[in-house]
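In this document, chain identifiers A, B, C and D correspond to the written order of the chains, with residue numbering beginning at 1 in each.
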Amino acid sequence: MPGGDFHPFFFVVIAAWILVCGLGVVLFRNIIYSAVSMVFCFLGVAFAYALLNAELVAIVQILIYVGATSVVILFAIMLTEVQQSYGQLFHRQAIFAAPLAVAAAVVMTVMVVSTELADVGDTSLNLSVHALSSLLFNRYVFPFELVSLVLLAAMIGAIVLARRQGEKR
Amino acid sequence: MEAADSMKIAVILIVLLPLVGFITTLLFGKRMGGKAHIVPVALVTVTAALAVYAFGWVFQHQEEPFVWDAFSWIVAGRYHASWGFQVDTLTGIMLLVVGIIGMLTHYYSIGYMRGDGGYYRFFAYLNLFMFAMYMLILADNFLLLFLGWEGVGLCSYLLIGFWFDRKSASQAGKKAFLVNRVGDFGFTLGMFLVLVTTGTLQFAGVFDKAETIGAGTLLWICLLLFTGAVGKSAQFPLHVWLPDAMEGPTPVSALIHAATMVNAGVYMVARAYPLFAQSETAMLVVMVVGTFTAIFAACIAITQNDIKKVIAYSTISSLGFMFMALGAGAWVAGIFYLFVHGFFKGLLFLCSGSVIHAMGGEQDMRKMGGLRTRIPVTFWTMLIAAVALVGIFPLSGFWAKDEILGGAFAHGYYVVWLVGIVTAFLTAVFAFRMMFMTFWGESRADAEVQAHIHESPKVMTVPLVLLAIPAAAVGAVVGWPPEAGWIHRFLDPVFFAVEHEEFEWLGTGGALMAVSLAVALLGVYLAYVLYLRRRELPERLAARVPWAYEASLRKMYMDDIYEVVPVRSTIAFSRFLWTGFDVHVIDGAVNGIARLWGWFGDRLRPLQTGRVHNYAFGILAGALALVVIVGWVWGI
Amino acid sequence: MSWQDQIGFPVLSVITFLPLAGVVLILVIDLLRRPAARLGADGAVEGAVRRQTWWPTTYKVISLATTLAAFALTVWVLFVFDKSTSQLQFVEDVMWVRRFNIHYSLGIDGIAALMLLLTTLLGFIVIIGSWHYIKDREMGFFVSLLLLQTGMTGVFCATDLVLFYVFWEAMLVPMYFIIGVWGGPRKIYAAIKFVLFTLVGSLLMLVAIVAVVWYVNGQGAGLTFDIRALSDVVYPYHLQFWAFLAFFLAFAIKVPMFPLHTWLPDAHVEAPTAGSVILAGVLLKMGAYGMLRFCLPFFPDAAVDFVPLVAGLSVVAIIYGAAVSLVQKDLKKLIAYSSVSHMGFVTAGIFAAIAVADNAAGMEGAVLVMFNHGVLTGALFLMVGYLYERTHTRQIAEMSMLATPLPVFAGFFLFFTLGSLGLPGLNGFVGEFLSLLGLFEYSHALAAIGALGIILAACYLLWMYQRTMFNDRGEAGVMPAVSLRDISPREIVSLLPLVVLAVWIGVYPNTFLDFLHTPVQYILQQMGPSIESARDGAVAHLIEATKGLF
Amino acid sequence: MSPLDWWLLLAMLLFCIGAFGVLARRNTIVVIMSLELMLNAVNIALVAIAQFRAGSQGAGVLFSLFVITLAAAEVTVGLGIVIANYRAKRTVENDHFDEMKG
């Protein structure tokens, strides 16, 4: 079976977990709840990667998303001191946004279903961490360096942005 | 061809020396101050000597003109024009006129312009004028003639507007140039037509093919060229610039606006004789315009009070006489008149300049009078000039004028002859009106001016005397015997097909001569009665026919007509084109398109709410729509 | 003929990029001098940098040196130039974009050679002329001028369509800055108008370029952007018609032809002196140059069909420009509109030449008018600029009798005015005479109307001269400004080359006409069959052809 | 319906939920969180396709790693902006930010 075994049971559980937590992010009024829900969603996605035999991605997901990104977001929530959303949760645009999201779902479902992808697959490449890293540092070394540059720029940018006006010399 | 080699050098020097004088005086004249005249006057003297030499050469080689293609000027496509020079007998006569009068005027100017702020500038311009004038008469093709033609026009512009700090002067200079431009418009088109028809502009080449040109084309060529002559020689209706040109210093009026430049039109028509001679209609037009101008200008001259204006209108009238002669087929008579006219009219102007000099700048004859004894040299020379102009035996004007009238009569143009006689009569009246008002009677100037009246310095009077000699004698010398004088034989190679009638002393010729002499004397007598004996008569006469007097005084309203019709209407039309059409229609369309897009953008502005979630909505909806459309188009 | 055979080094590239090298040199020195200033002064870097008084002189000298060198090289090129052949000369050819067979290729024929001379000549003259003109951000101004010159030179030298287009567009940028930064009160409006007008045209041209290359490629000839190769192809009439129209519009805007001229007066009035000089002297010529280079040899049949329209519009432009000049109140605007009039002679001459067989005089005259107009109008703009530096106004109504305090200035001004109104013996006459002669061969009536423009030219120029230099208000209304100082030696130096050229071309134009004989014959040869088939009732044919396209 | 299709449907649904959050929520921080959901959804799809299809040479997996990295960068910058804006306006609700209104 390509991509490892497909366990309908695990898949359903994890899918439900991810989707419920995702809905939680979008629907909770309290932003802390949203954030926590997001962390759980990320965790679910990490499990999904594990289920797909992509251990490295799963680990990175936990390290970066669950570990780092979530913390950053929580910090941002603290810094903005607005835990509770008062007044309207959604824009008026939501009445259009919901049908649009549903329509997108329908269209993509049609696309997924009508495209016959699975038939082509034959082998499980089961890329090891070793193989992936050699790919990363040979063939994809240029994007890799580029990404590091972007990260650096983002770091500096975030510092500049978040600095208080009065902190200038 | 050794003689020709010396001619080459002479011709080159004739053209170049004045140009050298112009450039050096322009560059260094200011530093030389009151001595600025030395270089230009010396160069012009040498040039005059060379001109006489060239004349002598032609005198010896009458049958074969000197033609020299110095170097090419414009070579483009299948056309070719060159810096080519030609000296034949016609050129020889012009060389004499231009050289001698030009030189004497230069000398005269030393005295006349002394102390003027633009002393060096004046001599520089005069030298430039000499250059252009020599170019004009020495050219062997139409284009080079045109170069001189425009060059003298430019100098005329500069010299009329010499005292540019006076509005009238700067205005008059501009007017002269522009009116001439109108004529040049015709000249240019005429040249195009000649060039396209015959493939060349060289006189010899064109005239060789003259007989092959179709009649219609030929008529057009002649009329267009004549338009140029009308402008340059101040013929009706393009004469309006010449009276105004009197704003310039008087030596300029004498040299440019009487003796040389204004003759260029006559010269050009005479030069194009092989073309004109073949087109009877063109000849008729030339004659009619000339005749009309002659009497028209004489009618105006008779009431003018400015001494220079009188002479100016007299010049227009005289030029009309010349065209009358050319048009009537009396080619030699026309050039004969040009020749003598140059001397006596130039003299007349120089004398009037001397009068003005004596009167401290006063030009109005009503404030003169009694100058006869105060400035005798001027008086006597001016009297000679006036008598010559009026055409009283045996002075120059008599012979030439009589040949013109005789020619018109002989060719059967009796009306023209009659008009000519009337004009001669009027000429006598206004010329002696001028003389009587200026020199006889009691002085009408105020005391201050009275005290100041003095004879001009030697440097001015000597040229007057020198010029008075040819003005008196040259007519008889070259024109005797009538219709068979030296000048006729001399010009024969140029006007090769013109027949000369036998002159009979006791026949038509003698009778006509007697009539014209009588008419001239009658005119002088009338002037004597009106302006010396019974001074109240002119005013009563004017009161009797006020409209005629007024019309004459206002120059037949020509300036007023020009002011309204071409000038104002052109400016109004241009203003409409600019503010109406250019700004509103064209730029309006451009800005309108811009404004349309602006309006369109304004309508789209609400889409830019500035809120990021609206944009996000747009992105997602757009992406989805693209997917759907692409899927639909590709039929997935 | 390649540069190896003729001169020994790639001279056209050197001429083109010398100004650019000057820019690089200026910028490098500018970078280097700042730390030097920091070391020299205690703290206040800006002040120290400003106190480096040697610096303005230095960058001006660099600018002048590079442009002078370019001019000297151009003169050398003209000496070596072989006038007996219509082949491109001093050819350089390097592959640039292999994928599309785009070459970096330069080369000139006689027409381009004259334009090159004009460009490099005015290039160094404006640098002398603007020596003290700019007060603000002066270095940027000189850098822009140099960049502009590189762009203009490239346009005249390029023999590859893409390279041509690149230079054509690149030149817009410095010009935009020259007008938009150093211009007058409405500079932004003028700059944007200038760029938009030109862009509309050049985009149409880009479309036409693609269409032409696409067609040639489709014929199996392979991709090529070589101008000579493309001009040898015979295009189907349908393509000719539209591509001609697109190219023609681009160039007609640049010329500018009536009624596409309204950007010109605005741009001229707002531009600084140097900008006006270059604009009138060189940029306008690119339009006419493009017509000669593209419209005629590429699309001969369409060009012949358009003759009546273009000749008619040219004559309208001659009269219209002159009439509108007559009533202008601003000196620069007056000269700007007179440019419209003068450029009418150019287009009239070019298109009359292809209407009748054996009418090379018109085209040679047109090219000569291009050159002369560059010399004379350039000089007039320069002088108006000098006048502005003294009187601080360009309004004619605010001047009078300036000949009294400025006699030498008035003399020079008169000289160029006379040249501009076509006095025989100066250069303006020769060109206008020939192009009108060409027009006369095509149509007597049109030439007669066009010749009216010469009368009008005298009217507006002499009137302008009278109102500024002489007295036109009567004795009371005039107060000559005594305190003005007359023209300075530097200014005389900037005008003298133009004086020399004006007289030279007026007296012996063959020096310059000799460059034109073979290239004009070459163009006419390419047009040959179409001229033969040029028929009577051309307007009717044009309408027929237009109908057939839809 | 192959296993890959199921994974893709999961990714798709998560994506749509995130999209709805981005479009509908007023709180900018929640919007950023929703964006993360969308990125995660894409990652799931990438990894799933990489695992189920040959010839991808691990590109899908690596790509998802890049996405994660860039997402981290995006979050920091995004939150930096949010905080800066919060300082200026004392709110994180994005309908108050309309300075760029046309």
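Convention: contacts are C-beta pairs under 8 Å (C-beta built on N, C-alpha and C of every residue); 3 or more make two chains touch, one makes a residue touch a chain.
Since the model is a prediction, treat every value here as computed from it, not as a measurement.
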For this session: Find me the chain with the mean Cα position closest to the mean of all the protein Cα atoms on display.
Result: C
Problem set entry | chain A-chain B separation of Cα centroids, rounded to whole Å | 97
Exercise. Which integer distance in Å separates the CA centroid of chain C from that of chain D?
Worked result: 56
Problem set entry | Centre distance in Å when chain B and chain C are each reduced to the mean of their C-alpha atoms | 38
For this session: Indicate the whole-number Å distance between the mean C-alpha point of chain A and the mean C-alpha point of chain C.
Result: 61
For this session: Could you tell me which residues belong to chain D and also touch two or more other chains?
Result: 19, 23-24, 95
Exercise. So which bits of chain A are touching at least two other chains?
Worked result: 91, 93, 97, 100, 104
Seminar exercise, completed: In contact, pair by pair, are chains A-B, A-D, B-C, B-D
Problem set entry | List of chain B residues in touch with chain C within their complex | 26, 71-79, 143, 146-147, 149-151, 154, 157, 161, 164-167, 169-171, 173-174, 177-178, 181-182, 184-185, 188-189, 192-193, 195-196, 570-571, 573-575, 577-578, 582, 586-587, 590
Seminar exercise, completed: Seen from chain C, its contact residues with chain B in the complex are 193, 259, 261-262, 320, 323-324, 326-328, 358-365, 401, 403-404, 411, 418, 423-425, 429-430, 433-434, 436-438, 440-441, 444, 447-448, 451-452, 454-456, 458-459, 462-463, 466, 469-475, 478, 480, 507-510, 513-514, 516
Seminar exercise, completed: Contacts from chain D onto chain B in the complex sit at residues 19, 22-24, 31, 94-95, 97-102
For this session: Within their complex, state which residues of chain D touch chain A.
Result: 1-10, 12-21, 23-27, 29-30, 32-34, 36-37, 40, 43-44, 47-54, 56-59, 61-62, 64-66, 68-77, 79-84, 86-87, 91-93, 95
For this session: Mind listing the chain B positions that touch chain A in their complex?
Result: 613-614, 617, 620-621, 624, 627-628, 631, 636
